[in-house]
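Structures incoming, each one as structure tokens.
Shared between the two complexes below is subunit A, which has subunit B as its partner in the first and subunit C in the second.
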Partner chain A sequence: MPQHIKRLISVFAIFIVLFLVMRQVLKPSSFGKLGHFRADAIYENTLKPMHYTIADSCTKCHKSVRAEKDKGFHKRLKCEVCHGPGLKHSLFAEQFKGKELPDSLKLYKPGERKDCGVCHQKNAARIKIQFDTINTTMVHQIDLAEHNPPDLKANEPANCIDCHNPHQP
Partner chain B sequence: MEDHLQNLYEVLSKVEGYVYPNEIELNWSILIVLYPYITGLVAGAFILASLERIFKIKVLKPTYGIALLTAFSFMLVATMPLVSHLGKPLRAYEIMITPHSSSAMAIFGFVYLWYLMVVLFLEIWFDYRRDMVIWGNESKGVKRFLYKLLSLWTTDISPKAVALDDRIGYIVTVIGIPSAFLLHGYVGFIFGSIKANPWWSTVLMPVIFLFSAMVSGIALVMLIYIVLTKVRKQLIDMECLDTIAKYLFYILVIDFALEGLDQIHRIYVAEESFEALHKLVFGKLFYTLFIYQGLLGTVVPLLTLGTLQFYKPKASIRKIIYIILPVLVLMGIFFMRWNVVIGGQLFSKSFYGYTTFKTGLIGMEGYLMAATWLIIPFLILSFLLWLLPPWNKIETSHE
Partner chain C sequence: MNQDTTKLSRRNFFKAGTVLASGVAIASALTPYDGLLFAAESPGAKGKWYGIGIDINKCIGCGKCANACKQENNVPKDPFYFRSWVEQYTIKNDGSILVESPSGGVNGFTQSVPDNEIYKSFFVPKMCNHCAKSPCTQVCPVGATFETEEGIVLVDEKYCIGCRYCVQACPYGCRYIHPEKGTADKCTLCFHRLKHGLQPACFEICPTEARIFGDLNDPGSKLNYFLKNHNCMVVKPHLNTGSKLFYNALSPEVR
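So, the complex of A and B:
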């Protein structure tokens, strides 16, 4: 075999050995434990702070609201859809029973037109169907500019919740 | 909690109609546009080089070395847009040391190493070995050391050894052609196999990527050849340029036909996604698809090159055409990648809404970062052309 081919093969052999050594040394220690990925990635994700809770943890204290909501169009919505992430609130608010809640534990109380508009503002891309049963999965579309517009002269906001009970609209 | 909602309102202002929450932000940005673009240039340049070597098209000789070195320079940078997009450079090697055949992404390590090390590196090494030995003996200092190192301190330049180099180089090129097809077909495969996305999911995707890759690679080498010859104050070999233009024309015709076929098929079968895609194409992608990719990047070059096949204006005019056309083609293929990568993420998989793509000038995913990864291959190429000038090589016939 000519000299230069021998050298080339040696270089490739060195490269392959280096590659295998590198693979042993550099491969993350948890790689392959659960499959062809780094198992620690799952553990690292569990370390991220949580913000949301489960619906049942709201029902623990707010039974009547839940009962009311379960009869209306909003029965499938989690409380946090409108009130924002509530894990902290659900864990610590009970300690302040009868007292003023600190701001960090307060949840958002939506009540303005823009809040309901997030889902209900008329949007051509949403499917329009007749709303006659409580079991519909579609969202009622309202033209906020036309539907009971606020009287600007009288400075009256005309919020949706003036007429509709958000828990049972 | 007001912040929480304020943020939501801002996010929703980017959106038209109805989109799922995870579709508002585009996860694959301009750097992911660059990745198929750069690998395409590699595959295309390599295929142009192999035209000379395997298919024995001797007129292309002046571009052979340039095409190989171009392919190599761009290959070295091909992964960098991905690395900077992922933002974890310290983990970037993991994809290389843990390849796996079960996922198109995880097999990347195999495909890349095979093409870079076995095909490009070996072909260039065997092609330049004799010259490196000679140049190593003639030069001094760092350059001498580099030549010695690159030729692995070999000295044998007997006709027998050189003939063997040539033979092995030929075999490597023969293996290289399907490998180049594999490399770029693979990149198209990643998109084509995402069945949840109707803009991507087509079996034609690897083939379209492949032909557009050849188009862009050939155009790039054509441009580099003209610029280099001008810089070196040499005479441009018009016969060579005419031949490259001819091949560019052929492959552009195939590319255009394939992309046309893909679109006609979409229009004819008109699946449930059709209306959403129709709006996308005539709305957010109108300029990038119809004007930049279609008109300027494909139709104009196609008509011009087609005309040149039976009507040849004088050399000085052809030269100007051969400078403008590759630029148009390169821009067109860039926007082809853009339309695939960005376009595929602009519409909601609910088919009821669209989002917006905005990227800044600076930042890890900005335009400057993208420009950097496009400029670096040219710097590498300049270095390689200084170290291994193809025009100083001893003529070999590649028989």
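So, the complex of A and C:
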């Protein structure tokens, strides 16, 4: 074999060995276990913090509200759809029973007109068909500007919740 | 110009053309087009194989899903980072199509076109399709994004180099580069919630049950019930991404 080919081969061999050694050192141990990715990343993705709970978790402490809601039109609505993420609240609120909640545990109380309008404001795209055959109601739409607008002069009720109970509208 | 070559090349052209056309015809006869069916039967018939159903007829466009997603997953509040968002399609009488999504619908929608100009209007909630043959995982140069056994497309934040290749590759526009982390970010189907046996936040929150989440491998799941009872469609079926996000009442205008 000519001298220069031998040299070339040895240079290549050195590079290949170097590559293999580097790869062994740099490759994360779980890479390739389940495919072309780090298998540990699956576990790492489960470690993110939660903020929302499930609907039933509120029932434990707010039985009366739940009972009230189950009778009204809003029975399908989850508590958190109006009140916002409540995991922290439902874990730590118990000790503040009957007392003022600290700000970090307070939940949003959507009492303004626009909060109800998010679902009830008239919109051509809003639901047109019936939910299912058992419950034949639709999401009724109102025009926020026309449906009992606030009257500043005559101290009349203005907010939706002055007339409608949000849990049993 | 030489007369002979023209004749020859025309003949060759037809020959090659015929071979090509019949080849394509045979190939498509062997593997018929089945954009929807593929995803409905999972590759690994054991374990979970998650899919999503969205009933456009039921969506009232409250945007609570987009809002819940942002809060649950700490998605940046700026109006151009979304894992889940809602679009309002308005088809006007003159045939033009208007697509609106004011900050992703997080704060709800207001009708911007007067009633008498509207032919029809509807909301389309959008999110990652968790494709079974996802283009975004195929292009990743470092293996930082992948499909789990349950059919969920995830990102490895530690391994991602932020090259934006996957953002370009996603035909549904469901990825973005997280401004603080500098890595690709996307819907994980709330993987951290699934592991505790909870539904993803956007499904949990939906006030009209327009969103259905379930296991395609489980014949009794809510999702399979939904798929059996509605004529569902995926977005951009011609791309054959194996999308597992099924829409009921999907209009062809939706892109």
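Structural remarks
Assume the second predicted complex is superposed on the first by the 111 of 169 C-alpha atoms of A that agree within 3 Å, B and C clash if a C-alpha of one lies under 4 Å from a C-alpha of the other, contacts with A are read in each partner's own complex, and residues count from 1 in each chain.
What we mean here is this: a residue touches a chain if its C-beta (ideal position, glycine included) is under 8 Å from a C-beta of that chain, and two chains touch if they have at least 3 such contacts.
All of these numbers come straight from a predicted model, not from anything done at the bench.
Using the contact criterion defined above for the overlaid structures, shared-chain residue A:Ile5 touches subunit B, although it does not reach subunit C.
The partner of subunit A that touches more of its residues, comparing subunit B with subunit C, is C. Once the two complexes are overlaid on the shared chain, A:Ile54 sits against subunit C while remaining clear of subunit B. Contacts of A:Phe19 after superposition: subunit B is touched, whereas subunit C is not reached. Of the two partner chains placed around the shared chain by superposition, subunit B and subunit C are both touched by A:Val118.
Touch criterion met: A:Thr46 reaches subunit C, while subunit B stays clear of it. Once chain A of one complex is fitted onto chain A of the other, the partner contacts of A:Leu34 are limited to subunit C, with no touch recorded for subunit B. Contacts of A:Glu80 after superposition on the shared chain: subunit C is touched, whereas subunit B is not. Contact with subunit B, but none with subunit C, is seen for A:Leu107 once the two complexes are overlaid on the shared chain. Legend: residue contacts after superposition of the two complexes on their common chain; A:Lys99 is shown touching neither subunit B nor subunit C. Shared interface residues of subunit A, touching subunit B in one complex and subunit C in the other, are 28, 31, 36, 38, 84-85, 114, 118, 123-127.
Subunit A meets subunit B in the complex at residues 2-5, 7-8, 11, 15, 19, 22-23, 26-28, 31, 36, 38, 83-85, 106-108, 110, 114-115, 118, 123-127.
Of all residues in subunit C, only 57-64, 68, 71-74, 88-90, 107-111, 113, 115, 118, 120-123, 143-149, 154-159, 188, 191-193, 195-196, 198-199, 201, 204-209 touch subunit A in the complex they form. Here subunit B touches subunit A in the complex through residues 1-2, 4-5, 8-9, 12, 16-18, 93-94, 97-98, 100, 102, 106, 117, 125, 129, 151-156, 160-161, 164-165, 168, 352-353, going by the rule given at the top.
Interface residues of subunit A, counted against subunit C in their complex, comprise 28, 31, 34-38, 41-42, 44-55, 76-78, 80-81, 84-85, 114, 117-119, 121-129, 131, 139.
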